[in-house]
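Note that subunit A is present in both complexes that follow, paired respectively with subunit B and with subunit C.
Our next item is the complex of A and B:
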């Protein structure tokens, strides 16, 4: 019974926590511009993140190492500083996108500029981390995040043609605007394969002292959690395809895209869009801030833990404080959150081989995994998807940045 | 292959997480010091823990830069701490040392300074 509750809570938090600035922004733009044409990227990204979270949960359960722990002990500092540096940069950029997304949701709801909202949003995130217990925050915000299921309700209301939706799961020949198509595919992959989710999940698993008897639960939570979570992102893309695309709205900004729920859900549409964006971004910002503290603490051997007071781990607490201050700067400067999000997602994909490659090596090392090393399918799926994403990024990013 | 009562220095000691006797994390093994003896094989003299040892392994220039910055504007010294191997005791995947970090002035110098001068002055700490 207890493990059933654990599985249920794990799946619910994955669903509630799936949508954030990256997945909402990229799904809206993709749906509005290419209708269902990029659903395959979302499916690929989901398969990859499900494999990655399962892997890190397994690493924690068998070896009792977090990903960062294992990387430092397996490769030593002179190698580990590179993936660590890359993850710090990626986490900071994505954190800035989330602060921007939450601030913009409040701008849409109140009419007051996001530059004004950036300070209170950052302070709310910091206060929750500083005064709250992380366990309660993590589950609380993720359960609030179930509001994002309004996108699923909207799709049911809109009644899409399911055969056309299913066709989008198979990559088609690139349309005329190939560069933007590839750039959006990269964005979707970057939003789905979030490195912070991987290290965050593994820290939680080590802290909860998972054992090999938890491997089954780990497999179910990572597959079903990510699978159901991605249904919400798929719903965003379908809703954008049915509402924005026929009206010629390209969703170049969140302001343009905010009408996506107004047609299926009427006067509840805009408030629900704002609530989904704000809560999704807030939840992700909390996890990202913690992740920055986790990865530095685990790399340098500082004290870390979900439920310790700031005075018990001063360096840990000051790390997320400084990270939040830095990440609030783009919003204070008025940088468009959607552009920042697309940029952050592209950078994420470029950094993925550096972040995931060493993990694959560890996952095939019997010293750590004993008889639970990766199988052929897991290795192949992750390597092929990361490889496709990386090559697409190398082709699409220069073209798109030059064009814009 | 090492026997069960032997330690592989790189695999089992370097970079391993250290904890004090209360289980508190106190850093990682950033370096291993060998003592070279006349006519005898080298012997492990100590485990080294410290930011400068860490930086030196990344690149000697980083260590020089860190040392000069620390001398000018760091509130605490970055001197490494050395532990004899006699304190080594494996507990799970970490190594426990028979020290008390909270009462040992050599340990957690930056952590204690930040706590006293910044964190404890903020509400809710």
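Our next item is the complex of A and C:
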């Protein structure tokens, strides 16, 4: 019974925590511009992140190592610098997008500029990290994130043509604006395969002291949690395809996209959109801040753990404090959060091989995984998806930037 | 040492790939121009849609004002960007810049008077921008085929 509750809670938190600035922003733009044409990218990204989280949970349960910790002991510190540097940059950019997204949600709800909201939002995130525990943060915010299920309700209310939706799950020939299509596909993959989710998941598993007996739960939570979570992102894309695309609204900014729920949900649409964006971004910002502390602490061998008091792990707490201060700067400068998000997602994909490659090596090492090393399907699926995303990013990003 | 070797091995192919891809990406003035026209049309459509939602009491007036003031600001930026595009035919870019200026004026007027009477004209300008964007895209496609 206890393990069933654990599985249920794990799935619920995955669903509630799935939507954040990246997944909302990319799904809105993709749906508004190409309708269902990019659903396949979301499905592909979900398969990949489900495999990756399962792998890192397995690593933590069997070896009691986090991903970063295992990579450091397997390859040495001089190697660790490369993936660590890449992940710090990616995490900081995405954290800035999340702070921007939460601040903009408050601007949409109140009419007060996001520049004004950037400081209170950053302080709220910092306070939750300073005073909260890992479980309170992970489960509390993610359960609040279940508000994002309003997108699923909206889609049911809108009643899409399901055959057309299903057709979107198969990659099609790029339409006229191929560069934008590929760029959005890259953005969706970057939002789905977030490196911070992988290292955060494994750090959480070590904090919660998972054992080999938790492997079954890990598999169910990774597959069902990510699967159901992606249904919410798919709903965002479908809602944008049904409400914004027919009106020629391309969702260039959150102001344009905020009305996406107002047709199916009436006067509740705008408040629910703002709540989804704010809570989704807040949850992701908490996870990202913690992840930055986790990866630096695990790389340099500092004391770490969100369940410890800040005085017991001063460098861990100092890291997220500095990270939050740095990440609030773009919002204070008034940079458009959606543009920053799209940029961050593209950079994420470029950095993915550097972050995932070494993990695949560790996951095939019997010293860490004993008899639980990766099988052929897991290796092949992750390598192919990351390879496709990387090539797509190398082709699409320069073309898109030169054309815009 | 191993780490440095790994870094060189990983980054060198990536740098090579970028060097191979970049020269293939020539600047595309027609496509960029078409996208700016579509952005302007999208803002026009967003303003009309939000105004309709406000009349139906589905969104508050404060939000509609926020959308309209952001749209006016964005349209001014698009207008100056279009006007500065030397590689586009001067008469068509002047016309597009004028449409953006007219849209900006109508939205500002709507913000001041809180009257939806200009919705028809905004829709008309939106359609003109979309037609011009389609023409720019077709011209660009014909150019690339040549």
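Basically, the second predicted complex is superposed on the first by the 404 of 404 C-alpha atoms of A that agree within 3 Å, B and C clash if a C-alpha of one lies under 4 Å from a C-alpha of the other, contacts with A are read in each partner's own complex, and residues count from 1 in each chain.
Keep in mind that, in the parts below, contacts are C-beta pairs under 8 Å (C-beta built on N, C-alpha and C of every residue); 3 or more make two chains touch, one makes a residue touch a chain.
None of the values given here were measured: they were computed from a predicted structure.
Q: Classify the contacts of A:373 with the two partner chains as first (subunit B alone), second (subunit C alone), both, or neither.
A: After superposing on A, A:373 lies clear of both subunit B and subunit C.
Q: Looking at the overlay, does A:364 come into contact with subunit B only (first), subunit C only (second), both, or neither?
A: Once the two structures are laid over each other on A, A:364 reaches no partner at all.
Q: Quick check for you: in the superposed arrangement, does A:315 touch first (subunit B), second (subunit C), both or neither?
A: A:315 sits against subunit B, while subunit C stays out of touch.
Q: After superposition on the shared chain, which partner residues are touched by A:130: those of subunit B (first), subunit C (second), both, or neither?
A: In the superposition, A:130 touches subunit B alone.
Q: See if subunit A has more residues touched by subunit B or by subunit C, and give me that chain.
A: Comparing touch counts on subunit A for subunit B and subunit C gives C.
Q: If we overlay the two complexes on their shared chain A, which of subunit B and subunit C does A:301 touch? Say first, second, both or neither.
A: first
Q: Have a look at where A:78 lands relative to subunit B and subunit C in the superposition and call it first, second, both or neither.
A: Both subunit B and subunit C are touched by A:78.
Q: Share the list of subunit A residues that count as touching for subunit B in one structure and for subunit C in the other.
A: 76-78, 81
Q: Note which residues of subunit C are touching subunit A in the complex, please.
A: 1-4, 6-7, 10, 14, 17-18, 21-22, 25-28, 31-32, 35, 38-39, 41-43, 45-46, 49-50, 53, 57-60, 62-63, 65-67, 70-71, 74, 126, 130, 137, 141
Q: Report the residues of subunit A in contact with subunit B in the complex, numbered from low to high.
A: Going by the criterion above, the answer is residues 63-65, 69, 72-73, 76-78, 81, 130-131, 297, 300-304, 309-311, 313-315, 317-318, 367.
Q: Using the touch rule from the top, collect the residues of subunit A that touch subunit C in their complex.
A: 75-82, 107-108, 110-111, 176-177, 179-180, 247-250, 252-253, 255-256, 258-259, 262-263, 266-267, 269-270, 353-354, 357, 394-395, 398-399, 402-404
Q: Considering only the defined contacts, which subunit B positions touch subunit A in the complex?
A: Subunit B reaches subunit A through residues 10-11, 14-18, 24-28, 30, 49, 54, 57-59, 92-93, 110-111, 114-115, 118-120, 122, 124-125.
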